[in-house]
Amino acid sequence: MQEFTKFPTKTGRRSLSRSISQSSTDSYSSAASYTDSSDDEVSPREKQQTNSKGSSNFCVKNIKQAEFGRREIEIAEQDMSALISLRKRAQGEKPLAGAKIVGCTHITAQTAVLIETLCALGAQCRWSACNIYSTQNEVAAALAEAGVAVFAWKGESEDDFWWCIDRCVNVDGWQANMILDDGGDLTHWVYKKYPNVFKKIRGIVEESVTGVHRLYQLSKAGKLCVPAMNVNDSVTKQKFDNLYCCRESILDGLKRTTDVMFGGKQVVVCGYGEVGKGCCAALKALGAIVYVTEIDPICALQACMDGFRVVKLSEVIRQVDVVITCTGNKNVVTREHLDRMKNSCIVCNMGHSNTEIDVTSLRTPELTWERVRSQVDHVIWPDGKRVVLLAEGRLLNLSCSTVPTFVLSITATTQALALIELYNAPEGRYKQDVYLLPKKMGDVGPWPFLCHRMSLSIISPATSTSPACICLRLMPT
Amino acid sequence: MQEFTKFPTKTGRRSLSRSISQSSTDSYSSAASYTDSSDDEVSPREKQQTNSKGSSNFCVKNIKQAEFGRREIEIAEQDMSALISLRKRAQGEKPLAGAKIVGCTHITAQTAVLIETLCALGAQCRWSACNIYSTQNEVAAALAEAGVAVFAWKGESEDDFWWCIDRCVNVDGWQANMILDDGGDLTHWVYKKYPNVFKKIRGIVEESVTGVHRLYQLSKAGKLCVPAMNVNDSVTKQKFDNLYCCRESILDGLKRTTDVMFGGKQVVVCGYGEVGKGCCAALKALGAIVYVTEIDPICALQACMDGFRVVKLSEVIRQVDVVITCTGNKNVVTREHLDRMKNSCIVCNMGHSNTEIDVTSLRTPELTWERVRSQVDHVIWPDGKRVVLLAEGRLLNLSCSTVPTFVLSITATTQALALIELYNAPEGRYKQDVYLLPKKMGDVGPWPFLCHRMSLSIISPATSTSPACICLRLMPT
Amino acid sequence: MQEFTKFPTKTGRRSLSRSISQSSTDSYSSAASYTDSSDDEVSPREKQQTNSKGSSNFCVKNIKQAEFGRREIEIAEQDMSALISLRKRAQGEKPLAGAKIVGCTHITAQTAVLIETLCALGAQCRWSACNIYSTQNEVAAALAEAGVAVFAWKGESEDDFWWCIDRCVNVDGWQANMILDDGGDLTHWVYKKYPNVFKKIRGIVEESVTGVHRLYQLSKAGKLCVPAMNVNDSVTKQKFDNLYCCRESILDGLKRTTDVMFGGKQVVVCGYGEVGKGCCAALKALGAIVYVTEIDPICALQACMDGFRVVKLSEVIRQVDVVITCTGNKNVVTREHLDRMKNSCIVCNMGHSNTEIDVTSLRTPELTWERVRSQVDHVIWPDGKRVVLLAEGRLLNLSCSTVPTFVLSITATTQALALIELYNAPEGRYKQDVYLLPKKMGDVGPWPFLCHRMSLSIISPATSTSPACICLRLMPT
Amino acid sequence: MQEFTKFPTKTGRRSLSRSISQSSTDSYSSAASYTDSSDDEVSPREKQQTNSKGSSNFCVKNIKQAEFGRREIEIAEQDMSALISLRKRAQGEKPLAGAKIVGCTHITAQTAVLIETLCALGAQCRWSACNIYSTQNEVAAALAEAGVAVFAWKGESEDDFWWCIDRCVNVDGWQANMILDDGGDLTHWVYKKYPNVFKKIRGIVEESVTGVHRLYQLSKAGKLCVPAMNVNDSVTKQKFDNLYCCRESILDGLKRTTDVMFGGKQVVVCGYGEVGKGCCAALKALGAIVYVTEIDPICALQACMDGFRVVKLSEVIRQVDVVITCTGNKNVVTREHLDRMKNSCIVCNMGHSNTEIDVTSLRTPELTWERVRSQVDHVIWPDGKRVVLLAEGRLLNLSCSTVPTFVLSITATTQALALIELYNAPEGRYKQDVYLLPKKMGDVGPWPFLCHRMSLSIISPATSTSPACICLRLMPT
């Protein structure tokens, strides 16, 4: 039962950890918080479950939660109009007819909408989770009930993780011809265990930084044997994952964890890149007094011209109510800073990794940690001062808020378009290389008009009279 | 056991409903969502519970939840600096020494901070809940563990409700001399059942609209037999309960229920009073396109000058993604409007009561209701169109978001000051009438300096270098 | 020729100064800057001028400037839609037919639109200026050319001032039956010199604080012998003269005088009333870092919740680039503050009078004053430090920017409506007292529909599809 | 006297026009409006003038205006701290000692600060104007009075233009070794007439798009015989000339020309590039309702997420109060659009050239043009409708507002640094090519520390405690 952990990857256990922490960085624990994970200690691998149509072609926590999961999917559909309109369009044409897609992503309500859209376009899908914590069990159950071969649950062991991936790939009488990956673990598994599968694969679509990095390495080493599409580096994804998304999730994450009032609070934001810009704009708008630290002169200039005082962290550390890091650097907030914060100061990280706040320096005997709520720790100094640390310094927006469905919709639509393009591309259009999605797909492929429309629909905020649709009308077709 | 529901009030059952829905309007269900209410079906009234010091002078859901509740109280203390500094000050002087306060309020982490502050100032307290749903069981347990005589749990029956109040008032060898009420039910109960208690009562402090209304009626009828303090109509409370609070809670409420992205969404806000101003400012700041409906010419002018298009609801109803009511009127959103909304439109109410959206008109056979999440219903038209109705049209901010601790801190501090003032006032200062808290308390009472400081501290946002403290320094003392 | 200065008012010369400085506070010198005042030293009173129709019933600087003035009036008409639609409506009905109005106001393009509207409604008008500096000579010429009996020019002496008023009132064969006043000087003159005129007067319409104050004093003393309408205290006027107007004019005034860039500048605004709120909002929006000083706790709270740091002036005086006063108090900026400002700091006043900045303290031998531009002085310290003082501490928005036509349009329309109402009111509706314009005029008067429309049109921003018109549609008629 | 117009350039007269209109696009007429150009019809070339030190080595309109011009220069110095601190630093070291700079730029108060700084650094300067209209005569007089050899006045003829340039280059006993150009006309003249001068020239510094374009052409053709520095394409210049500058100048330009109130106005901004973003942000902040037209999907998405409705121009053209173009395209606003605008609609251009509004289509017999103010035309339709056209469709910010001194300071400092670098660079560092200023100059040149400091000082907003200085402290030195 433990065989899959023995799988000889180059970097072993650390490779897994890293791929999880870097590709998906942190679990979507808040989105997953609707999941009741405590009720049942039996491993899904040992359960016998059947959906209402009699199929057992799946492995989820509890198929009986399907109804609840269906509701979550329906909520998600409300803000994923591009995928839904793609689905409608597919009633006549089936651009993925014959496609056999093996996927490995977070399994949430939003990815469920993607998976069911791929099915509606004609594809057969087998799916596993790219993170051992991020699966919404009810959503997985709903997918299983709807007939998708899904193998995932919240709280997988490392062995479970690889077992699930294996169950998606290694099937009698079914061979994948497309890969949709998030983090590169699925791709890695196929490379190592089933290299022959690549003979049939028409392409890989990869979303994450880590996965894309791995693909470029393969390509450089001459080992990439199929075309791959880099979804990570599209403009829309970059803007949304940073500026627009963080503008909303900083508020959401702080509110859900601390119920803090923003009005009148003094906040210092470390770093004025896209993430910092989003955080600052939102907090300023709600009445906080915001300071910025920044070492790049151009970004500092922008902060200055946007009306923020640019300071050294040490200048304001005694007076601020909230400290937010988003620099991409290490140890931006040091133990010395933490020592000087006032009582009840909130500290959190919106940056790239969990190293911006020197949390390690707080794990010393003289400080008491008190877990007061999920993702909220009070760190208590000998004199009684408390610092409120969120998500132990990990990414606040992934740990303590949900990513807006609309943002995920953009990535999901791009993934669907990439799959359609790779699957239908005439031979020779794509070599064994890593590609960016063409900005305008109108000129190429068997689905030019569809894709053209869709690439624009990506930006449509859920309404037929929306700006995007107006854009569409402005563009030549 | 059911005897208390038989209690002959004038309006009977409806009186209770009204007092609950009007005084506290809606339960703080979101704040209470941390409460696990499903585990135990035994009524607290039938349980034998003892705290760690051996006392049984309370009735709560589960005394074992005290530790968790203590954590919630500690979180709340972080943003209630005025009460905490009042508490510190009381270490020498005990302005409420000898006070026996019977209270009836929501029982949440924030009111717990108030109650424990009153105790620190020298008072003895007995407490019940003013709403059958709003009690945070863990917080009640923490209060009981700390020795407060608290009688409250989430999900009380109507009989339980009056029983709890009665347990606070009707005690051998202990007689209340102060009342702190929220909604007027406690006051009402004492009037009807124990009128003699008023001989010892030095004053009533009342927070809610409904309770204050009842007091004025009593006063008008010549039946008010003690002084009463109207906390509801203070400037700070009005501003905070409306403009500043709603500016934050509209975002919080929408996000927690629907995960909707605000950027690019088209929103119509019905009504541009203080609540509407708050909602509009927040949504505009986060990139929504906001329309306003307003019939008052001055408010319409303000909306116009603030950069919002003032429209008739029917003009934009087909295109908007979100509809928010805050007019204070009835049936602002009619069935006809609902019929014309587009698929996935979100409808919610931030106004005064639950009648702004004509929800009744949606309870017809041709429409299907689907509860997709707590406080979220999809109402489905025959053609498949879904409208997303939040909190069944009740107040979104009370039902689906937490009220910021800082806001509650203001009211709580005002309540404490009112109690101090009434309890210490020399005879003759207050007659049998309803009073507003004096704007400056410096000239009166035995605690002039304290109260003066406190009335300023109310606005202090949790920091010793805060604006309020600077104000303080500017003011003559 | 100098006889009019000998006129025995109670307060003599100071009365005049005060009425000018308080009612109109400062001259609209910027609006008047298009006026070429240097070419001609001959007093208009000594000139013989005739308009193109042969009339000499006026006294202006130079009738030949009429064409230029007509252009200015046409520009003003573009943003005064309410008056223009009132004018159109009057083509059939002449609600002021028979009215003989004597007026005394600033004479600018905007008041010219008012005067010509009154004429179009059927009135005969005679007009003088309420301020010796504020007349736009070209506009006065254009009015004279159009046949209005106007007596005003820029740079009148005190004797000229009263002479012009007298020429309006004291006419053979013509007796006024309505008064439109701004500051009360005209009313005062009639009271003292021609009390019999009041027998025919149906009412006084007064706009300024000072004038209204005088009327209430008369009323209190039992000496008010006709009804008077207080236009000053209407909600729209208050909001516009303060919040909305200052939000724009602070930017305009600073830019025109100093060409300063707002982005990144540190600004302190003294006072957070309506004027301060407007200044802060505008500067914050354009990227300035804004501090607020405020002693009123409620206003300080608002500043705090709006995201401004509330400080003591001395805390930030060394670092700020701009200091703006709008407190209504005296000596808010003292010589000590001025001594501590850094080089090139800009100091200006948006408040009530010219006493907020202690300018007198700067008129000492060790400081050098250098007039670098109209309304701009460099005050130079012995060490070379320069402070940039605008308008010598007088009101920046009146001295150095134009008041937006739309704002003036609101007052002008209100004045016109008040004249119509008073002139047409049935006997007995108004006593010898001071009235506010009824909020809704629909129920009263011979022009109910007209007035109802007009009171709404006041808020119409120049467009037939404007918010206000939509409001209109929402209102019952 | 007319000989210089006969100078045989390739493109003759049109070359001149183009170079003027493209390099400097439009004259700084507003800044120049302080100039009294009407008093004197004698050509400066025919006047004999001497400054107070007896020198006649200049040619300006009127040397007697020097005092007024000195005041303007002093105002400008207040917001040009980087140049001033560069000047102070040069008291010991003279990095431009021996430099003989011939310059051709706009001659305004801000460039005067640059020229005088170059002199303070040790250079000798001879200067002419790059635009026949943009010279501030008083400033030119002040420079002449201070001993600079300046040859420029407002309203030069084409012959005058080349004559002034020639007088700077063609001097007995003085030969330039550096060129500072804006538009390339000076460089062009030297190439054609005095190619031998290039033997001594160490480098050219060029600011404008056009001039840089010409330099790249020369370089490509192998004809560039000295190193050249492209100042135009620095990040700071790009951001300032577009986003930050336009955010302020759109308000300033509209206000100075029309006195329009922004609050409540409906505005359509065509194009959401950096200029459009600046315009939209400012107008939204002041209460306007802003629509955006945009054809690029990414920019449209940004507009959408920033809260602006993205529309087709024809959808809103009937209802808007203001139309602003900033697309960089031609005929964005067509005659058809103009025909459909409502009365009093304001139309202006903030974009790249004067072709965005099809002004030519308005020069037809049925339309009447009425010049109502400098830079403001009413175009009147047969039915009386007026459209308010600003600056005849030329750039509003250059024609009708001043460019903030701080913005010009950035470019000026960059120019000074480029001159220092080129003049002091060891042989071989720069070839005969076009260079960008190194982002960090600390590693190179004889003035590493100075330049390093200065490149940071560029962003310092006039205060020693400013953000930029804090940046400075953060940076390693």
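A, B, C and D are the chain letters, set down in written order, and residue numbers restart from 1 in every chain.
Going forward, a contact is a pair of C-beta atoms (placed from the backbone, for glycine too) under 8 Å apart; a residue touches a chain by one contact, two chains touch by 3 or more.
For each chain, UniProt lists the protein as follows: A, B, C, D = Adenosylhomocysteinase like 1.
Just so it is clear, the model here is predicted, and its values are computed rather than measured.
Seen from the C-alpha centroid of chain D (Adenosylhomocysteinase like 1), the farthest chain centroid is that of B. Remark: among chain pairs A-D and B-D, A-D carries the greater number of C-beta contacts. Centre to centre, using the average C-alpha position, chain A (Adenosylhomocysteinase like 1) and chain B (Adenosylhomocysteinase like 1) are separated by 37 Å.
Our note on geometry: chain A (Adenosylhomocysteinase like 1) versus chain D (Adenosylhomocysteinase like 1), Cα centroid distance of 47 Å, whole angstroms. Computed from the mean C-alpha positions, the centre of chain B (Adenosylhomocysteinase like 1) lies at a distance of 59 Å from the centre of chain D (Adenosylhomocysteinase like 1). Chain B (Adenosylhomocysteinase like 1) has residues 244, 263-264, 266, 286-287, 304-305, 309, 461, 466-467 in contact with two or more other chains.
Contact residues on chain D (Adenosylhomocysteinase like 1) toward chain A (Adenosylhomocysteinase like 1) in their complex (touch as defined above): 235-236, 239, 244, 293-295, 297-298, 300-305, 309-312, 315, 455-456, 459, 461, 466-468, 470-471, 473-475. The touching residues of chain C (Adenosylhomocysteinase like 1), counted against chain A (Adenosylhomocysteinase like 1) in their complex, run 263-264, 266, 284, 286-290, 304-309.
Interface of chain B (Adenosylhomocysteinase like 1) with chain A (Adenosylhomocysteinase like 1) (complex): residues 31, 34, 71-72, 74-75, 78-79, 244, 247-248, 251-252, 255-256, 258-266, 281-282, 285-287, 318-319, 321, 342-344, 370-373, 376, 378, 386, 388, 401-402, 404-407, 461-467.
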